[in-house]
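Structures incoming, each one as structure tokens.
After this come two complexes, each holding chain A, first together with chain B and then together with chain C.
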Partner chain A sequence: MAKINNKTKIEVTDGVLIPARDDSSIFSAWRIAFYGAISVLILLPVLSPEPYCHIFKFVVGFNEDWHFDFGSSGLVKTFEVTVLSIICALIIGLLVGLGRISRYPLINRICTVYVEVIRGIPLLVQLFYIYYALAKFVKIMDISAAVIAMAICYGAYISEIFRAGIQSIPKGQMEAALALGMTRSQAIYRIILPQTIKVVLPPIGNEFIALLKDSSLVSILAVSDLLRRGREYASTAFYYFETYTMVAIIYLILTLFFSRLVAIMEERMKTDVNQG
Partner chain B sequence: MKKGIILLLMVSIASFCVFTGCSKEQAAGKKIVVATDATWPPMEYVDENKNIVGFDIDLLNAAAKEGGFTVEFQNTAWDGIFAGLAASKYDAVCSSVTITDERKKTMDFTNPYVSIGQTIVVKKELNGMDKLEQFEGKKVGAQIGTTGAIEIAKFKNITLKTYDEIGLAIEDLAKGRIDAVVCDNPIAANYALLNPKYKPVLKIVGTPFTTEEYGIAVRKGNKEVVDMINAGLAKIKAKGIDKELEKKWLR
Partner chain C sequence: MSTRVKVLNVSKNFGHVVALNNVSCEVKQGDVFFIIGSSGSGKSTLLRCINRLENVTSGDIWIENDLVTGPKANIRKIREETGMVFQSFNLFPHLNVINNITLAPRIVKNVPAEEAEEKARTLLKRVGLLEKERAYPEQLSGGQQQRVAIARALAMNPMVMLFDEPTSALDPEMTKEVLDVMKDLADEGMTMMVVSHEMGFAKAAANKVVYMDNAEIIEIGTPEEIFNNPQKERTQRFLRNVLKA
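And then the complex of A and B:
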């Protein structure tokens, strides 16, 4: 495999800071935030079980005797929505990303218009639209509506990542493949895409974290995720400060944890590219 | 240029004086700010002209007129409405608040002004189910933080779905995403008997299974506002205005 330009990196404009080990200031900030959040999460319920312990059990999904109740868990719902959405968004993103570099003007135009339209509508409005407005024609259950809306929205952003990733592969790769007698689609599937995946994985990891955070928006559709469970607790027990503190800390731990995973992945990808 | 800056300064000082003057006047002129979640017809809702109207609104306005104070309504989302009260963002909450022991721990209430009960709304084609315990294993919706939601939560095997607004729960019921909705009987009647869109598809089953009383919630210890509103309520009760309003809004 020919040498790839090592400077190839897709610019990430939003999302969380990804702590790489060689970037000491962000990495130590990450450590302070992560271990600080974990110790707060442990200390609060231990020091004042009423109400923090109750809030933790209610939001995460334990019943009174610490039995994990899968069905009523806000944490499980949040993950369910996030993971299903990112899978669907990846499929949509790859197809649309390929469509954006297609030589057929019609496909190209359709995909570009899709990206422009979706990126111009706020996610919250899209959620309402798919759940309440489209319910006039098709009956979609709550989780599926949430997943469809999140996937359609994030598919547009991820397609841009795929497009940029594919275009970042040097032109010579395609020319060499064609010179070896491959067809254009063969070249894309066998030569271009495998290299693209390495380039796009870190930004996609970043999108995953952003999606995890945005999944709190689905609480508006009466999907009982982390935030919804917190709001349910607060609205009847009136512990607003305590409840939202716990919810914020749980989200913080999740995003920090995943941002570190993405950073590790990025580091491993880097060495891989160098060897190749 | 200098003149412009001086002018600007004068204008800002003048407007500052006007604004502070206003707030002083509020404190002296017995004007109270009242939060209401105007998504609960016919008790309080936003009409076509974007005004907040309803039984609660008319009642409190009448009480204010009799008691010699003025009321300014502020539309607030229900699930944070008591947090705003505790944080002094407004003086009272008049929004179909049921007086419960749990709520009494964190806020004070005026005397009750109307009594209602929780009712079950289902789709027209559902027959033979008129008690909440019959809905075990099914999905039942209510507005977040309402007494309806609290009643449903007492049954562990019913999947409770909480909505930000009761209208969204009713819409989901009509679309078949949930099996029933529990809410106060005036609201149930408004949607299932009067609303032209939901009248053909929804119905009320059974009789109200709780007895609850609405009161106006006031920040804990704020006796001045409680006494003021109670005096107004007593006067309109003596004049029979509350009965007229019940006839007008609740039928």
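And then the complex of A and C:
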């Protein structure tokens, strides 16, 4: 029988749990965590404005009169790094993923080695390496160095998702396309990739969340993201515990929010498939 | 009648497994060339070598005057000349019926969209599925999917149609609707090579039946010759087993 490949799901082991509606225990755990975190985020500044309200303003980027200041916002910086990195990582991931299924042994080998090397080096080490090692030859701006390092690292993981996604499409699809006279690249572009997108979107959503969390590592590169702003505040005001509580809560809310978003996307895709 | 497909001394090995061993045969224009044999006898491999989904290990294949085998072969031209229908249909699940049919003519032959769609509707009418042009493959039954797959292959105006066990994945009642379409094609004079176990179809529509066993062609003849009076002992044994079942 023809396999209905749209329902293929790629399991991703580490990372947050994705709370689907029909997975009631995870969904209720998600609700407790999400609404709990939001209550804490609101209650702490209300009940004890000094220091929590100040921390919130400083980290998220409000000045004393609650005017949002784009430039000094740790939240904006975190998103900037995350979004730029995921875009670059997707491009790298797609190219490397295609390279890994290439028929040319050299391209195949280069891409596989890249994935193996990158996945074997901790992200923090890569960040240091790119920032300090490359700085010997070219001067890279802080945020560019951060984005380059994150993209190179996550590109390797995302390439694995693309490769697995492409390989999850039944072989008959490629054969049918070739038998109709399409070239291999036409077949990949017109037949294989459109089907792959549906399969890889949820795991890529996962990678986005993981990247959002890992973006906190760039705080060591003088990029004023959420964590860095927290450190700056704590080191002058000496409210270490309070500051990192707020920072952790903000990260938690972001992560939980996006994990639910990925789940909704996944549910949508299922109904899309069912309705055709 | 001129020769459409010529297979000469073709062998194909998968590693140490011999799939085709020195196979030769000739398919003339308008032939319905029916290949029978137990599974693993090399029937499908023969079809797949003809449109070069597999490369032969040795030997030569021609379609009309084009050499299929060899490094200089124009693979795309060969694939435009051959239409293939698969056991598992292999419709493109992300495209609706009409786009499944028109995609290849549009991007391979650069046929204008309207012309391709008009042609597709004619073909859909022929396979009795005109009302399904906006449906997606998974909304269709197996038999309907296979009929769309036949229309999709026909849309490229092939000179020879290759059917690789087109009904093996279908229920009996769906088998009939697919065989009816194939019978119509045969009656219209399409050159066809069919790998199948549908002996009834072979008797009704084929003009040549080939029995393959163990990577070799054992016997070629008309349906009457093969079914009523097989010469080789292996053919007799195979037919006894099949017809008994």
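The criterion applied here is as follows: the second predicted complex is superposed on the first by the 267 of 276 C-alpha atoms of A that agree within 3 Å, B and C clash if a C-alpha of one lies under 4 Å from a C-alpha of the other, contacts with A are read in each partner's own complex, and residues count from 1 in each chain.
Basically, a contact is a pair of C-beta atoms (placed from the backbone, for glycine too) under 8 Å apart; a residue touches a chain by one contact, two chains touch by 3 or more.
Note that the structure is predicted; figures quoted are calculated from it, not measured.
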| said: I'd like to know which partner A:A135 touches here: chain B for first, chain C for second, both or neither. | reply: first
On the A-aligned overlay, A:T236 touches which partner chain: chain B = first, chain C = second, or both, or neither?
first
* Which of the two partners, first being chain B and second being chain C, lies in contact with A:E175: first, second, both, or neither? -> second
The answer to whether chain B or chain C touches more of chain A is C
Review point. With the two structures laid over each other on chain A, which partner does A:S224 touch: chain B (first), chain C (second), both, or neither?
Key: first
>> Just to be sure I read the superposition right, which of the two partners does A:I38 touch: chain B = first, chain C = second, or both, or neither?
In response: neither
Next on the checklist: Which partner chains sit in contact with A:V83 here, chain B, chain C, both or neither? Use first/second/both/neither.
Outcome noted: neither
- Task: Could you look at A:I101 and tell me whether it touches chain B, chain C, both or neither (first, second, both, neither)?
- Result: neither
Interface residues of chain A shared by chain B and chain C, listed none
In the complex, the residues of chain C that touch chain A are 51, 53, 76, 79-80, 82-84, 86, 88-94, 96, 103-104, 107-109, 135-139, 142, 145, 149, 152-153, 156, 169
Chain A contacts chain C in the complex at 1-6, 170, 172-173, 175-183, 186, 190-191, 194-195, 198, 273, 276
Chain A contacts chain B in the complex at 71, 132, 135, 139, 141-142, 220, 222, 224, 228, 231-232, 234-238, 240
The residues of chain B that touch chain A in their complex are 78-80, 82-83, 86, 102-103, 106, 141, 144-145, 149-150, 153, 159, 161-164, 168-169, 171-172, 175-177
